[in-house]
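Below: a set of structures, written as structure tokens.
Each of the next two complexes has chain A plus one other chain: chain B in the first, chain C in the second.
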Partner chain A sequence: MWRRGERLYALLVFLVVLLEGLALGSLVVVFSGRLFGLFGYPQVYGALWQALVLTGTALGLLAAYILLYHVYSASRELLDRKAYEDWLARFTEILFAGGSPPPPPWPREAFEALLDLREMLKGEFAERITEWLRQANPPWPRILKARLASRPLRLEALEALAQARLPETLEAVLPYLAHPDPVLRLAAARAGARVAQGQGLLDLAKALLEAALPRGALLEVLLLLEDRAEPVVEYLLSQGGGEEVWAALEAVGRLKLASLVERVLPFLDQADPELKAAAMRALYRLRYPPHGYEGLLLAALKDEREFLRAHAARLMALLGNDLAQRALWKALSDPSFYVRRAAAEGLLRMNKGFLAQAAERHPDPFGRAMAQQVLREAA
Partner chain B sequence: MNLLLDFLFLYQVVILWYFALLNFFYTLFAFFGLGMVARYARELSELSLKDFLEREAYLPVSILVPTYNEEKTIAHSVRSFLALHYPEFEVIVVADGPKDRTLEVLKEAFRLVEVEWVYRRALPAKPVRAVYRSLVYPNLIVVDKENGGKADALNAGLNLARYPLFCAVDADSLLDAQALLRASRLFLEDDRVLAVGGTIRPLNGAVVREGIVETLRLPRGFLERMQVIEYARAFFMGRAGWSAMGALLIISGAFGLFRREEALRVGGYRTDTVGEDMELVVRLHRRAREEGREYRILYTPDPICYTEVPADWATLRRQRNRWHRGLWEVLWNHRVMLFNPRYGRLGLVAMPYFFFFEALAPVVEVLGYVLLPVFYLLGLFNPEFALLFLLLAVGYGVLLSQLAVGMETLLLQRYPRLWDRVVLLLFALLEGLGYRQVLALERFVATFQVWRKRGVWGEMRRKGLES
Partner chain C sequence: MARVLVVEDDPTVAKVLEVALGREGYLSFLVRDYPSAKVALQEDWDAIILDINLPGGSGLDLLRYLRKELRKSTPVLILSGLKQERSLAEAQALGAQEYFTKPFSPGGLIKRLKEYVAAR
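So, the complex of A and B:
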């Protein structure tokens, strides 16, 4: 989306703004001075003319820049595109027909083509591309370590490393998780999650604790780890603060990390309602019935916070016993729409006949209506 | 006579100060806006969007589509919403007692069947006559309700919405396929974000296929082209600038994403104003400031919503009249915020700006034109001076428009044909010579109709999309 030449445009805008500010400022000073008899009409006219000339100059500059830049960038982009497509065709041919890539150094378009291929392909082809990238000695780790590289360049380097997935580049990425710029921190966390393997995963987990990412962003990063997530999530569950633990609990459920279920269960007894809810969501997603924690679930069903009651109702259904059935029947008369909905859906999962009874005989008319609706939807 | 002369000169100086301050603000917006758009564009990562789409790290969204008499555009619009690239969303179309065939068109196009639907009535709204679901699209819900206005329809939609985020869109709009993806991730990455507004572009002239904008071309009509420039200026300068300063007061009703719980907490949309979109945003700001919470309300330049802009003077004037009345209504409803340090830069900068330089601007402008003959009759009119000043005012306007056109065409790569760009630059020159004055007059009239026409919308004439 962003084109080269943005800095020149920004500089031009700055110049224009400066010119206009000067013109306007002098006009205000001269007009105000005229009010107190400090300036005569000739000066007022002069200031007005000056402002007009400056505005005209600024307008001419801008219009010329816009048109000239259009002509330049249109032809330049055509050439860039052509180069990219040529490299893409060349690499694809070598990849499928066999052979070695041309010896480096490669231009920027070649790296772009190769990274796109790496992103697209899996398995053996992906490994070959990774190997080619490694042999080409790409500039990105050096950019990250350089003192004078610009922020956009660093962002580009982090993204390229994320696509390249070279595990040995993790050490260049990790320091950025402590960078004061939150955008670079997040980009580094994403890159780290795509790159990290083996021992690197624990290093990444430790760095994530220092990164202070917002919990949603942290969750995104954990999900990027996919089947490598377990040690990182486990570390965050045991060592993290509230935000990290929340993200880790969410990740357990979404990535279906069933092996961590024992680490999740104690959070049902958490004082922090957000963490308790996250634990309930995780167990529900894992479809794990929390036997032995019935008391806590019953207490959560009576909690004053609606979201806890709704999550407890959903999880309760997994128990599949009489206790759960009775609790959900009762929850059908909960004042909250969402709790009634969760209770009805839970009863449907456990015992459709029982839900049908609720649709006919439940003392609460709202509970009956909800049971009827869930039955209708199921049908 | 001398006293009168001095008074009139003082009047001119005051007007000049006003002009200078207004242009100072515009310059500030240009500066902040450009910085914001540039930063956003550099930080946007296509790779992270792809990751976001492929994994479960998203917040599901309810798209609310209030509709009245939109038989020509509704099927296209709903198709475009259903074609969005987003892992989990529902589309809730609220037919607000239409008098035309809107509901029938929906029933035919999406094979709707009536269902009995139990939902939480969290907000008051006019009675719902029926709820329909589609046999083809499981995530489409259509509500038929008694007419109560756009805000009432949105409240009815909010009652049915299930997801943590909701997106309010106009029924004559089309969303860019990635619009939800780009806007919603801001909520995920920052819990403090309450609302996000995107960029609105005129749909007129675009090539649309199956509800998706394939090519963006300049429309042929004079008014439509003018609005292309106006929208670019309003979004890339105004909203981007205010957002960068943390004081964004307007999220367009055509496309805005909100946390549902937050909107419910402040009581949903107000039904007694025609500026319900701005009013909700101001109320969210106000509540958060009063509670001393950390929060963010953002504009983001990339999620694009295309909307059909008026192609004739009558509709355009009605629209601007309504917008201006809406602005006055919001300022009046939240007058306590004006110059109130409790509301930070909102009370000290944004609200005063909207009062003096948006609400009162047409009054100042039209009075200026009216006083010209008065000055002439009094023998105080200096034609050369007046002409120079007019040229300067027009020049400043053109300059701002050109800055916005530059951002739109070069940095964001829209309207890629050379001829389109030349036309935009030329039309920027024409804007101050008639078009602007007619709209200023309409806004001037609207200022005096605020109380009499409270809550009155006026009809929008639609051409429908060119497929």
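So, the complex of A and C:
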């Protein structure tokens, strides 16, 4: 969207306020002079008229600017949209025809079209677009390194680099992970996650440790790494503090990083309940039965915190042995609905017949009801 | 000439599909939102390329409408930004032939489309 002219608007408002200040100031002087007999009525009358005309002119200017801005914006946006569509069509045709793009320099709309294509395509086409972008020598790394670039311009540059996915631009992005502005830090982390490859992944992991992002934001960054996440997640698991380890454990489960399962298991013995729960979630998402950690799971089933008991019940079911069956039978009498539900679903997965027995013979009426409900739903 | 309905609100993807289908000799017809797509589904198409997140509704609801109410077996290829297993499972359960996620490779999509059109 075309959104320029804010500075002109600010200047105009300042001018209006200044003129109004002058008008009011002159009125104060003239009225005071009249009070002490220094000015006659015609002079006061004239000053009043002048102030009125000045105010009218200032307000008229402001209204005209706003109206012109809207008219101009609408037409400019149409032109920009048309230019974008023309470039999009041009680049798409060249991509499929197998030719070369027009020689740079390209206008802003051309870059926008190319970045959107890069975002939507993969494989051979994506590689060709990356090469075209590289040849066009885009301005974004220079904007990030410039001292006087504005914050919006830097944000735009970070977003563009994220879309362009040029690995060599990582070095321009990483310093922003230590920027005092948290918005720029987050934008840089997102861009870094899209751009980093090979050795750059480890550099990104180190920079993420310094960035001190909230764990939700950090998790989002790790998920953006997709199939390149493993070295970064592994580094955060071994070197990170509580926030980084939590995000890394979540990422292991969500990205199904089965190769890191051995790094997750020790966190079942964590004192921090949030990390312990994150480790259990990760293992459950990986469908990994934590053999050798049965004692810790049994202890978690007795924990006073409901969320730990629920996660432990879900994970326990993956063990699929008699011990798990007995523990889940017992968990059916847990005071928490969520733990009973997890226990019943686990039993259904392990041994439907055993759950049917629980539906008939479990001593706890709520446990029986939950078993019956889960069986009904399964049918 | 085979006719393909493209239900897609993203102008970039729409343009890529238009060019890719045109080069393969297909006649593509683009609709950008749920209500227009629902009207377009009344016609007979050789194949449909369907996005899930559409202005005004879900592509999965359109697929349900096509299969359950219009009772048409037109090949449907889902092309969506959604990567959740739930969306994939729901699309398959509703009878979608393929599920492609964005970013996508036009070559792979067109190859599958050709096979489905040829099989009709």
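One rule holds in what follows: the second predicted complex is superposed on the first by the 314 of 379 C-alpha atoms of A that agree within 3 Å, B and C clash if a C-alpha of one lies under 4 Å from a C-alpha of the other, contacts with A are read in each partner's own complex, and residues count from 1 in each chain.
Assume contacts are C-beta pairs under 8 Å (C-beta built on N, C-alpha and C of every residue); 3 or more make two chains touch, one makes a residue touch a chain.
What you see is a predicted model, and the numbers here were worked out from it, not measured in a lab.
A.B. asks: Touching A:A89, do we find chain B (first), chain C (second), both, or neither?
C.D. replies: A:A89 contacts chain C only, not chain B.
A.B. asks: Figure out whether A:V13 sits in contact with chain B (first) or chain C (second), or with both, or with neither.
C.D. replies: first
A.B. asks: Applying the document's definition of touch, where does A:P167 land relative to chain B and chain C: first, second, both, or neither?
C.D. replies: In the superposition, A:P167 touches no partner, neither chain B nor chain C.
A.B. asks: Quick check on the superposed pair: does A:Y65 touch chain B, chain C, both, or neither? Answer first, second, both or neither.
C.D. replies: first
A.B. asks: In the three-chain superposition, say which chain, chain B or chain C, touches more residues of chain A.
C.D. replies: Residues of chain A touched, chain B against chain C: more for B.
A.B. asks: Does chain B (first) or chain C (second) touch A:E119, or do both, or does neither?
C.D. replies: both
A.B. asks: Of all the chain A residues, which ones make contact with chain B and with chain C?
C.D. replies: Shared contact residues on chain A (touching chain B in one complex, chain C in the other): 119.
A.B. asks: Any idea which chain C residues touch chain A in the complex?
C.D. replies: Those residues of chain C that touch chain A are 10-13, 15-16, 19-20, 23, 102-108.
A.B. asks: Where on chain A is chain C touching in the complex?
C.D. replies: By the definition above, chain A touches chain C via 85, 88-89, 92-93, 95-96, 113, 116-117, 119-126.
A.B. asks: Quick one: which bits of chain A touch chain B in the complex? Just the residue numbers, please.
C.D. replies: These residues of chain A touch chain B: 1-3, 5-6, 9-10, 13-14, 16-17, 20-21, 24-25, 27-28, 31-32, 34-35, 45, 48-49, 51-52, 55-56, 58-59, 62-63, 65-67, 69-71, 73-74, 119, 151-152, 155, 159, 162-163, 183, 186-187, 190, 214-217, 219-220, 223-224, 254, 337-338, 366, 369-370, 372-373, 376.
A.B. asks: Which residues of chain B touch chain A once you look at their complex with the stated criterion?
C.D. replies: Going by the criterion above, the answer is residues 9-10, 12-13, 16-17, 20, 23-24, 27, 30-31, 34-35, 38, 41-45, 47-48, 50-52, 55-57, 115-120, 187-191, 302, 385, 388-389, 391-392, 395-396, 398-399, 402-403, 405-406, 409-413, 416, 418, 421-422, 425.
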